[in-house]
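Supplied in structure tokens, the structure appears directly below.
Note that the chains take the letters A, B and C in the order they are written out, and that residue 1 is the start of every chain.
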Amino acid sequence: MTFSLAELAARVGGEVVGDGALEIERVAPLESGGPGDISFCSSKKYRLAFAASQASAVVVGQDEDVPPGRTVLRARNASLAFAKISTLFHPPALAMPGVAEQAFVHPSANVDPSAELLPFAFVGPEAVVGARCILHPGAYVGAGARLGEDCVLWPNAVVRERCTLGSRVVLAPGSVVGSDGFGFTLDMEGEGGSGPRHYKIPQVGTVVVEDDVEFGANACADRATLGATRIGRGTKIDNLVQVGHNVEVGPLCILCGQVGIAGSTKLGTGVVAGGQAGIAGHLTVEDGARLAAQCGIMSDVETGVTLMGSPAMQLREYLRVEVAMRRLPELMKRVRELEKKLEGLEGRS
Amino acid sequence: MTFSLAELAARVGGEVVGDGALEIERVAPLESGGPGDISFCSSKKYRLAFAASQASAVVVGQDEDVPPGRTVLRARNASLAFAKISTLFHPPALAMPGVAEQAFVHPSANVDPSAELLPFAFVGPEAVVGARCILHPGAYVGAGARLGEDCVLWPNAVVRERCTLGSRVVLAPGSVVGSDGFGFTLDMEGEGGSGPRHYKIPQVGTVVVEDDVEFGANACADRATLGATRIGRGTKIDNLVQVGHNVEVGPLCILCGQVGIAGSTKLGTGVVAGGQAGIAGHLTVEDGARLAAQCGIMSDVETGVTLMGSPAMQLREYLRVEVAMRRLPELMKRVRELEKKLEGLEGRS
Amino acid sequence: MTFSLAELAARVGGEVVGDGALEIERVAPLESGGPGDISFCSSKKYRLAFAASQASAVVVGQDEDVPPGRTVLRARNASLAFAKISTLFHPPALAMPGVAEQAFVHPSANVDPSAELLPFAFVGPEAVVGARCILHPGAYVGAGARLGEDCVLWPNAVVRERCTLGSRVVLAPGSVVGSDGFGFTLDMEGEGGSGPRHYKIPQVGTVVVEDDVEFGANACADRATLGATRIGRGTKIDNLVQVGHNVEVGPLCILCGQVGIAGSTKLGTGVVAGGQAGIAGHLTVEDGARLAAQCGIMSDVETGVTLMGSPAMQLREYLRVEVAMRRLPELMKRVRELEKKLEGLEGRS
């Protein structure tokens, strides 16, 4: 597959500076790009790599400085333009319609004939698998679960009974939608007076995953106790993230690797949580909040604020405390010094 | 399935205030409950929701204030009563005895005829699967592993060779019991003098999981180097928790999402660890200790204490340090002020 | 299988003190060791256990004090010697050549005849599986992926398309190599002006896993956006670890449970990261750095340093700040005291 540079520019909305007839065959990083390759330069930080690059063309932003004589594709949003070019060269795999002999589909399930089921994929009773879905080996769709169109379940991804996925949802290998919420209540007497136990609260709700959501490898979203856990349209969830029961994640959120969200918490639109951030249960995090990596959120978060630390503070306060903390040993010395001097003064007076 | 309210009260041990003949068909949250539904109100926080609820009946505690004219089921432990009612309406799925044609059972394995094995479940040589167990697709029981009665292995749950589960153990999708412990020893010379390597210490022990334990999605417990890693009776483990090799978790513990416990640590009875808490190796955490979310435990923990922070402190100390830390920038200012004044005084005297 | 103690000493490079003809049948911990067992004592901490042990022989270091009359095997590196003895008694399982009837191998794949594929293992088109590899149930090798010799994929381990494993690589149950990197770019206009979305950047690179690497249960390494994510020779990765796209982990690193490494970060040789440590993206961590459990690395790390805390500090600074922090409430009191006294002095002068 090749495209002329001019064609790429037309398709992704940019402007060629240099030879638009150049044939482009591949995307490649600046460092390893060669003839026929198009690369991407996002910042002055990579200026040297750009100068040294052998790539035929480079996608740059509107105002990016460029080494003289280089062929570039200028775009308003260079990162987006390059991503779209990469998609042209690497279109997502199309479903090859059909159910492998070694897959299992319950007779009462409804699998669209355009869907692809690989060996060891499993579709349970009354489940629905939409058009052009791909179920890789070990993918599991439980009883009554429903997948929209163009979903991809990578190997060993699990959608438990009655949960629903919208369209174009991607579940990475080992991700789990609809496992039981972690709900127990202490029963001091126990079964027939046999002593204390954690009595399991039935987790009979579901998970509703809206369109264009992506789950990372081994990420989990628990089903609700009653009602539904919700993952909003276009939200992206990274590997090993934990979403507790009855959580509601709004649209367009970004949850980075190993984030944990405890039960019943609500995230608004476009919330970003950095890696390993933790959010306690029963909280509300409003639209556009930014939660730094490893932060610990223990109370409600207002629209658009940036929080850091555990327990989390607003960015400004955090930075001041952080700086002060590092100067704490010195501060202790200064206080000792003050005490000595004051003692001296008191002695004299 | 319907129950009269009086029948529910009799079954779970409560008292009806209002019409005991009311037919109840469903459990539902206060907000969405309607005619035929029974809901639950646990605290004054939900008083408005209670007042607005259309649910036919509501389970409340002994002394809970109730809007006038409402039909309620009063119980000493309202949360437990409601959980039991929910169980009545949603009894756990019963095994449908039989081995699917597409499951694999080694000829030397011993699978109780009342157990249910779904397609792609695997039972290895000499393994034992007890009465009424359910092995969902992709569930794996290794050679010589033993499951008691009424265990449920959700899709892709793994029990490696020689590990044992008691009765009524539940393994959520993707959970792993008996993976190798993380044990290596530095060998500076290496194989035939080929240079440094991490030499693998064989992990030849097992994991012993006692009755009524539950593992969350993608949670892991490693097998012991020698001997056994143990998970005590009735302990509940949430998603993505890591239990290292030779760890001993006592009975009735609660390990929330993404908790990590390093090798050889011992937890007593009823220890509670909040989300993302980490416990270093070779420690002892005594009965009833409460470890806050994200805390970092680096030394032994005494009975019943509550710890927070990383490294963890006792609750009381933590709160004082926490408050002081936030006032640190102000403290620095005050010390600067003191220094100036003192300089002034010294100049004068 | 039995060995004489002298034979063991010869094989692992040690010296017998006592009866070399003693027949050894098993390895066991000091506490449970009995006749025929060999145990291991690594430190004075276990002196009492040693004294009480019934084990026939004990492996000890060169200079270890030993209770009188005990038979020991002295070795320069006692831990390594004991590990090697344990390996003699527990050699890794050998592949039983053959492809189970219920496994799936694509006709275009190349599986070495000495490899063992258990039921429900999957090998995709053009994939290569080397000599003596073992693919347990649910293991997945995607299209064009390549495994060297003697690899073990435990149940439900996943190697996605085009990724490569060297030789003797072990993937624990549920571990995932080659899931998509977490790469999105904000597209404010969206498809046909439909509004904001996170546009997926195609993740078309691979993961290269070198020889002797081990992945823990449910650990993940994402494929690169372009190029390759790399895991260096002999690196050991514990359960639930997250390795982001385009990360390069050098040889002989140790990544403990639940560590997270964000995209494009580079680790040198022999880096050790403690449990739950987090490393931000686009950083360089040089050779031999030691990152404490739960630390948060937000800038480059130099060779050989030890870092603790979040955000991380050098060990020495961390300890001083840590101590000072705990004394902070007291410091506040002292500053208040100073202020009072100074006021008094000022009043007088």
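FYI, a contact is a pair of C-beta atoms (placed from the backbone, for glycine too) under 8 Å apart; a residue touches a chain by one contact, two chains touch by 3 or more.
Worth saying up front: this structure is predicted, and the values here are computed from it rather than measured.
In summary, the chains found to touch both chain A and chain C are B.
Here chain A and chain B face each other with different sets of residues for the most part; under half of the interface numbers are shared between them.
Chain B and chain C carry the same sequence, and matching their CA atoms takes a turn of 120 degrees, rounded to a multiple of 5.
Taking each chain's centre as the average of its CA atoms, chain A and chain B sit 24 Å apart.
Within chain A, the positions touching two or more other chains are listed as 102, 120, 138, 156, 174, 218, 240, 258, 276, 310, 325, 328, 331, 335, 338, 342, 345, 349.
Taken together, the chain A residues at the contact with chain C in this complex read 27-29, 32, 77, 79-80, 82-84, 86-87, 89-90, 100, 102, 118-120, 136-138, 154-156, 170, 172-174, 212, 214, 216-218, 234, 236, 238-240, 252, 254, 256-258, 270, 275-276, 293-294, 310, 322, 325-326, 328-329, 331-332, 335, 338-339, 342, 345-346, 349. Interface residues of chain B facing chain C in the complex, by the touch rule stated above, are 102, 104, 120, 122, 138, 140, 142, 156, 158, 160, 174, 176, 179-180, 182, 184-188, 196-202, 204, 218, 220, 222, 226-227, 240, 242, 244, 258, 260, 262, 276, 278, 280, 296, 298, 310-311, 313, 317, 320-321, 323-325, 327-328, 331, 334-335, 338, 341-342, 345, 348-349.
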